[in-house]
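Next, two complexes with subunit A in common: one pairs it with subunit B, the other with subunit C.
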Partner chain A sequence: MAVRHLEVEVRREPGGAVLDLRGEINGFAEEALDTAYAEAERDNPETILLNFEEVDYINSTGIALIVGLLARARAAKRRLVAYGLSDHYVEIFNITRLSDFVSVFPDEESALSGAA
Partner chain B sequence: MREQSPRAKQRHEEPQLGREPRDATHWARYVKTLEGTAGPNVEGRRVVGPLQGFGKMWQKTYKVRLEGASASPAEVVEAWRTRFPELSGFGEKGFRVPAGGLVPGAVALLGGLSGVMVLYSDEESFTYMTPEGHPFSGWITFSAHTDEDATTVAQAHLLIRANDPLYELMMPLGLHRLEDRTWQRTLKNVAAHFGATSEVETRIVCVDPKRQWRRYKNIRHNALILSALHVITTPLRWINRRHQASGIRHQQRPET
Partner chain C sequence: MTAPRSGARRTLAEVSVPSEPGNERRAMEKVAGAVEGLGLPAPTLERLKTAVAEATMNAMEHGNHYRAELPVVIEVSASDAELFVKITDEGSGPPAFDSEIPDLEAKLEGVQTPRGWGLFLIKSMVDEMNVTGDEHHHTVELILHLDDRAEGGK
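Entry: the complex of A and B
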């Protein structure tokens, strides 16, 4: 199966900066994630939202990259919020215990109101 | 606010009936605690990631280019997974692989001290996650990929914190160095297995320099302390067992 490299777009919303993630989160996603996260941090938002609606696949290296983002967010006293995860990836967030630290919402509306 | 994408809408409107994500079999299933492992300091423990530990968070990457070897990344990972005790230098007793092999959810015991759970496993990588009480709280991923010049590269990537204040204290006193030597040796062994003799590259980054002080209570699971207490109290348990046995014999003696 062809690999869909990760593409990330950054949007500003009143509740925080949103990273629209598209493709696969694996070892190849590091640069795209880092660049987009740095761009999202530029306006010093209180919350950064990760939109997983268009994410097909996350492997353990991808989860480690998300932990890296979480560490950066916590160091800057920012909240990191996730939404649009399929049931499968919600379970992965539970197994890896990422869900202890990242609030998970079903959609953008609830994530933005939860982040407010 | 942006509208939901058509794909996300479809996901919410049509529950994913019978559609398994393609990585579903690669991940371990959720378990609250590790059960049925018969391992001291493992049985009944929760698994912990790099977020649940006490000390600074470290990202350590060890890489070796398999110059001149023709093995594909999948072949390297397959050999690494199946010969892990030998290639890591832990040996069969130091790293006890469970009967079903290193499949997602399997728990391997590290000597009599602790263990690791296989969190993820696919063709080109596998990841271990540690339980409470292990020196580190975190993940270690072993993987292989092809570099730009088509050389296969084997890599070990750790994302860890010391699990409690005692282990954190031990980090600069040799625990860091021990960890580095273990994985540098492992990568050298992997390279040698495929006939390569390249040097191991090491990259260490402190991802989060803050200690999580509220996690100081993790020390109650510390495998070193619990194992030491177990050894120290062995004579007491032996005396207790003798007392109980003599009590039973006394009760069973027929009245004369």
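Entry: the complex of A and C
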């Protein structure tokens, strides 16, 4: 099985900047995530939303990268929101306590409403 | 009281993957294929896959130092009551895991490194985890209690 390197696109919505994530969040994803997050921060949005709808694999290194994004968001007093996680990764967000600090929504509509 | 667990183990698969970054996904998909006939509930299968991936990644990184010529060998077996997945690398001594319990607040404050989730995830995903090692190998054994699944267990 070939690694699906992460691709990230950034778009602006009224509720915040959205990172559309596609692929795997693992050790290979660091540069793509960092670059996209920096791009999302450029307009100083109150909220950055992570769209996991097309992410099919997150490993422990990927969790560490998300922790890094959360630390950056908190340092800038920005809110980090996640949506589109599978039930399994919602469970992992719960047991790692990421969901205590990142608001988790099922889809973009509820995430943007929640972010507003 | 826990019911006694008995029954002969039958081997479901023995596979190996080269120690190259990303190959933990190959390992987890091979294990998922090997246990297909057990009819594990989908959430249990997802947890097993995560545990296998994390243990394989640890074996490739810390045991085999990502030397592609060194394989990680995965043996899948089952009894009536339990599923066993043994993940063996070619390191020596006890398997190296980050022993620090991850604390998200400490990580956010920079007191702990953001990494160090592997062992925590493995232990959270399976019922038991045993680690053994000798001069030539490390082995991590993951165990699922199959009879708990029907009763809504983990």
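Here is the rule we use: the second predicted complex is superposed on the first by the 116 of 116 C-alpha atoms of A that agree within 3 Å, B and C clash if a C-alpha of one lies under 4 Å from a C-alpha of the other, contacts with A are read in each partner's own complex, and residues count from 1 in each chain.
In the analysis below, contacts are C-beta pairs under 8 Å (C-beta built on N, C-alpha and C of every residue); 3 or more make two chains touch, one makes a residue touch a chain.
Predicted model, so just to flag it, every value in this text is computed and none were measured.
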item: Superposed partners subunit B and subunit C on subunit A - clash or fit; value: clash
item: Which of subunit B and subunit C A:109 touches, first, second, both or neither; value: first
item: Touching partner for A:84 - first (subunit B), second (subunit C), both, neither; value: first
item: Subunit B versus subunit C as contact partner of A:74, first or second or both or neither; value: both
item: Subunit B or subunit C, by number of subunit A residues touched; value: B
item: Partner chain in contact with A:31 - subunit B first, subunit C second, else both or neither; value: neither
item: Partner chain in contact with A:53 - subunit B first, subunit C second, else both or neither; value: first
item: Partner chain(s) touched by A:61 [first = subunit B, second = subunit C, both, neither]; value: both
item: Which superposed partner A:7 touches (first subunit B, second subunit C, both, neither); value: neither
item: Partner chain(s) touched by A:95 [first = subunit B, second = subunit C, both, neither]; value: both
item: Common interface positions of subunit A, toward subunit B and toward subunit C; value: 1, 27, 57, 59-61, 63-64, 67-68, 70-71, 74, 86-88, 91-92, 95-98, 100-101
item: Complex contacts: residues of subunit A adjacent to subunit B; value: 1, 11, 13, 18, 20, 27, 53-54, 57-61, 63-64, 67-68, 70-71, 74-75, 84, 86-89, 91-92, 94-98, 100-101, 106-109, 112
item: Parts of subunit B lying in touch with subunit A, wherever the complex brings them together; value: 1-2, 4-5, 7-8, 11-12, 16, 21-24, 26-30, 47-52, 57, 59, 119-120, 122, 125, 127, 129, 139, 141, 143, 145, 157, 159, 207-208, 210
item: Subunit A residues touching subunit C - in the complex, by the definition given at the top; value: 1, 3, 24, 26-28, 57, 59-61, 63-65, 67-68, 70-71, 74, 86-88, 91-92, 95-98, 100-101
item: Residues of subunit C touching subunit A in the complex; value: 21-22, 24-26, 29, 43, 46-47, 50, 53-54, 57, 102, 104, 107-108, 110, 113-118, 120-121, 124
